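Chain lettering (A, B and C) follows the sequence in which the chains are written, and residue indices restart at 1 in each chain.
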Amino acid sequence: MARYILTRLLSLLISLTVASAVIFALIEIIPGDPAAFMLGINAQDDTIAALRAELGLDTSPLERYFGWVSGMVTGDFGTSYTYRTPISEMIAERLWISLPLALIALALSTLIAFPVGILAASKRGSLTDTIVMGFTQLGVAIPNFWFAMLMVLVFAINLRWFSAGGFPGWDEGLFTGLKALTLPAISLALPQASILARVMRSALVDTLDEDFMRTARAKGLNRRQAIQRHALRNAMIPVLTIIGLQFSFLLAGAIIIENVFFLPGLGRLVFQAISQRDLIVVESVVMLLVFAVIVVNFAVDIAYVLVDPRLRRQG
Amino acid sequence: MKTNRNLVVGAALTGFFTIAALISFLWVPYDIEALNIADRMKTPSFSHLLGTDHFGRDILSMVMIGARTSIAVALVAVGIGMGLGVPLGLAAAARKGSLLDELIGRGNDLVFAFPSLLIAILITATFGPSALNAIIAIGIFNVPVFARLTRGSALSIWKRDFILAARVSGKNSAQISVEHILPNLSSLLIVQGTIQFSLAILAEAALSYVGLGAQPPTPSWGRMLADSQTMISLAPHLALAPGLAIVFTVLGLNLLGDGFRDVFDPRLRRGRT
Amino acid sequence: MKFKALTSAAALVVLAGTAQADTGLIVGLQLEPPHLDPTSAAAGAIDQVLYSNVFEGLTRFGPDGSVNPGLAASWDISEDGLRYTFNLREGVAFHDGTAMDAEDVVFSLDRARAEDSTNAQKALFAEIEGVEAVDPTTVRVTLSTANGSFLFNMAWGDAVIVASESIENIKTNPVGTGAFKFSNWVQGDQIELVRNEDYWGTPANLETATFKFISDPTAAFAAMMAEDVDVFYSYPAPENLPQFEADARFEVLVGSSEGETILAINNLMEPFTDVRVRKAVAHAIDRQAIIDGAMFGLGTPIGTHFAPHNPDYVDLTSNSQYDPELATSLLTEAGYPDGFTTTLKLPPPSYARRGGEIIASQLRAVGIQTEISNLEWAQWLEQVFRGKDFGLTIVSHTEPFDIGIYARPEYYFQYDNADFQSLIKDLTAETDPAKRSELIAMAQTIISNDYVNGYLFQLAVPTVVKAGIQGIWSDAPTQAIDLTAVSWSN
């Protein structure tokens, strides 16, 4: 077990290092001078050169890479070219929106998917199963931005139950903040819930037919107890994988949803930074997201071992 | 039986859009490059079955040509994913435990760790928005999927007796991989390929929606949705047609994939009895 | 006693409540400023939030574009036009309490024109030879050559007066002399201003002003309809305007701007080097179709690079009327009977993206095939503006009175006409209004006859406001949202 964890940890560190190098290299190639962009059409060449010097753009790539990495390790992500504020502050502010949004969407998605998946699995082959699975098939096929558009049309413009977007800030109150995140979270959660429900169902279906289930039934447990005590635990592995993947997708893939609802989150920050050629922000945020994904994967790997004792012996 | 239903409905939906896309090469109801402002935003009628958009273009024609764009991009992207991913997976399985296997595995993990939409946006922002760059961006993220899948299944096939026989007869790993392992993977690849195809269609729609896919005047469903947004309360039909096209194509492909899986892998049918 | 106190307290609360509701304003804007220093970036959004609200210059623009006294109450100009003596207002203080005096003016102008200055409009200060503080309320500026536009130039946002005491953090904490003080910036979301109670002039009616940044046109529509904002300045989706007009809660103000929207032609790229080809392009374009299709009817056609609302405007639209047959015959004459292919690179605004699709279709009809590239601003600046790697592009030039760009052969469309260049030189030095009008008319005619670019239309600025708000400028003579005289009318 300990050896397993150690190898995974080593793997994590290597992945992070390689990822940082790849990200930096990728972003270095992007054409477009941030200084020229910021100063616009009428700026003169010497003004642009002065700004480039101020931003530190005239040092070598290798220097900048090491400066960036060493900064990140100490929590200093550098200073944004366009906003001239420390990036760690900007990220922290945006995390307060992206993280809750991802968590709420994940929670919603799980809350919907689990009962739906269990229901379909336990009634497999029946009409209920077909209908439920039919809905999930639809849910998987709907692009989340289109769904968001339709929801804004109905709930914000026509019914005025929710505002069309924006985020008033958590200072205005927990309830107001949550209300602003409702439509976005639902848009994100729906396709994810559909995927998760299907995975849940198929994972359960596989376990339901395993021998140990028959043993459980033979022991006298009724159907529901058998599912709860045995099937679910075993079905958890694929489900955990998917939840892990979904979290990272939600954090980053919410870019489009953040744009539709004009939420000042991480996704939109990156999008804007790309347009503004604020390369240092792009690098730092992408690195942060990749870090989150790698760490979540690591956590899921550890969780596997806890859930499935068979894996522990592999070391 | 349910299996047939998936396959039939899936094939029908997918076929419908594929045929529409193919027909569009030969004929569309109206020339979409001739803008007719006076005719704009008309609701569906006999002359324009799906109505006209904000430039007076016939939406049915746009959807047909858009089908072409989506299917072409998705097909090539998945092709890239398979073309690169399957050999990598085979190589990793043939040399299980070696440095090559380790490297391919790490490479997969690395690509998986990157948020795909974000990187796709970065790539298209760097190299310019176009259908080709969208294909590359989506294709890159398909490679590890097929690599991992191929490796996993290949590993279990390697253990089978007839492989041992092949080895004894003197064939090397590469030959065995191609002549024996690969054919046994075909059904799995067809199923996964269909699923990846549907995901690629969604990815292309997302990229086009933010303006990073095929450029005007080539129509694309995602871009049609983006263009329709400000007018959604004035002319909802502008957003419905392309949106429904995406939904039904993806749905069709998913059903088709499920149908294939039911046909090829009877083991899974167990769950339905 | 207690009862009375209670009722008056209650009354106070009620009054305070309504007063608050009526004296704050929320303005929606598409673009967010990257930072808050109008003197070191080109982003118009900075001026939109801060110009005249937080920062003021020696002179300022009025709603009709006129140049009015700002921090300089009056001025004298020497006979030869080389010496300007500004008499500053007395008792003006910056928002941090420090006094505004001649030293600050010297500081501001010297900073703008310094070697290492990052001022985006350095050219505005090019003729300044020296700035000196004669006494705390008098500043003398000496020019190297006379410039009839000097006072006009000093009204620009890039020439506002700043203080050395607060210059350190100007980008995040702007300290000016205006009727509003900067209060807070939630990046990505909004900027809040509060009324400056110690303002030197008439205090603002509004207690607070909040600028909310909503770049997406659909989100803008939703925000307005949901009444999340009170005003949306330069509303980005003209197709929604009829809905707002029909709704009793809103009013739509349509004003003119200084934005000449042109189809810029790369004059140094084949085949555009031939004036017949450029003339063909001009005649292939149907301006009204573009205005209707891309701007839903908003915009005034222009025949040259000048604003139609300007009294010196000459209507030259007949020079480039929609005539596709003439266009085709011109192309054949020039040696392109089967047309040719070129690139059409479009920046983000919808006048460019939508206008571009329409123009592409019109050009196709006369045989000119275009490859459209939709670029972000950074890419457009790189490829088109600096790299000059384009055939055609569409952009709106929003600086006021900028016909002088046609006298710069290195400017992105690369028009090089020596006669025109000397004409502009004469115009800059000329201070007599009648003679100026003559020269301006000549300039407009030359660039129209030479078909330098395709002159499309003057950008209209639609602003959606809640009924009952007064004082919002409908025209946009400069990038600014001047809130100093805005109030609720109930």
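In the analysis below, a residue touches a chain if its C-beta (ideal position, glycine included) is under 8 Å from a C-beta of that chain, and two chains touch if they have at least 3 such contacts.
Nothing here was measured: the structure is a model prediction, and the numbers come from that model.
Undergrad: Could you work out which chain's C-alpha centre is the most distant one from the centre of subunit C?
TA: B
Undergrad: If you tally the C-beta contacts for A-C and for B-C, which one comes out higher?
TA: Of the two interfaces, A-C and B-C, more C-beta pairs touch across A-C.
Undergrad: Can you work out the whole-Å distance between the CA centroids of subunit A and subunit B?
TA: Once rounded, the distance between the two centres reads 22 Å.
Undergrad: Averaging over Cα atoms per chain, report the distance between subunit A and subunit C in Å.
TA: Going by mean C-alpha positions, subunit A sits 40 Å from subunit C.
Undergrad: Need the CA-centroid distance for the pair subunit B / subunit C, whole Å please.
TA: 45
Undergrad: Which positions in subunit B touch two or more other chains at once?
TA: 125, 229, 232-233
Undergrad: Which residue numbers or ranges of subunit A touch two or more of the other chains?
TA: Residue numbers touching two or more other chains: 31, 149, 157, 259, 274-275.
Undergrad: Identify all positions of subunit C at which a residue touches two or more other chains, and write them in rising order.
TA: Residues 218, 221, 376, 379.
Undergrad: Would you tell me which residues of subunit C are touching subunit B in their complex?
TA: Going through subunit C, the ones touching subunit B are 217-218, 221, 237, 239-240, 243, 289, 292-293, 353-354, 356-358, 360-361, 364-365, 372-376, 379.
Undergrad: Given the complex with subunit A, which residues does subunit C contribute to the contact?
TA: Per the touch definition, subunit C meets subunit A at residues 34-35, 41-43, 115-123, 171-172, 186-189, 212-216, 218-219, 221-223, 225-226, 228, 376-379, 381-382, 385-386, 399.
Undergrad: Please give the residue numbers of subunit B that touch subunit C in the complex, ascending.
TA: Per the touch definition, subunit B meets subunit C at residues 33-35, 37, 40, 54-55, 125, 128-129, 211, 215-217, 229-234.
Undergrad: Touching residues of subunit A toward subunit B in the complex: what are they?
TA: 11, 14-15, 18-19, 22, 26-27, 29-31, 124-125, 130, 137-138, 140-143, 145-146, 149-150, 153, 157, 202, 205-206, 208-209, 248-249, 251-253, 255-256, 259, 267, 270-271, 274-275, 282, 286, 289-290, 293-294, 297
Undergrad: What residues on subunit A touch subunit C, complex-wise?
TA: 31-34, 36-44, 46-47, 50-51, 54, 82-85, 90, 93-94, 149, 152, 156-157, 160, 163-167, 169, 259-262, 264, 268-269, 272, 274-277
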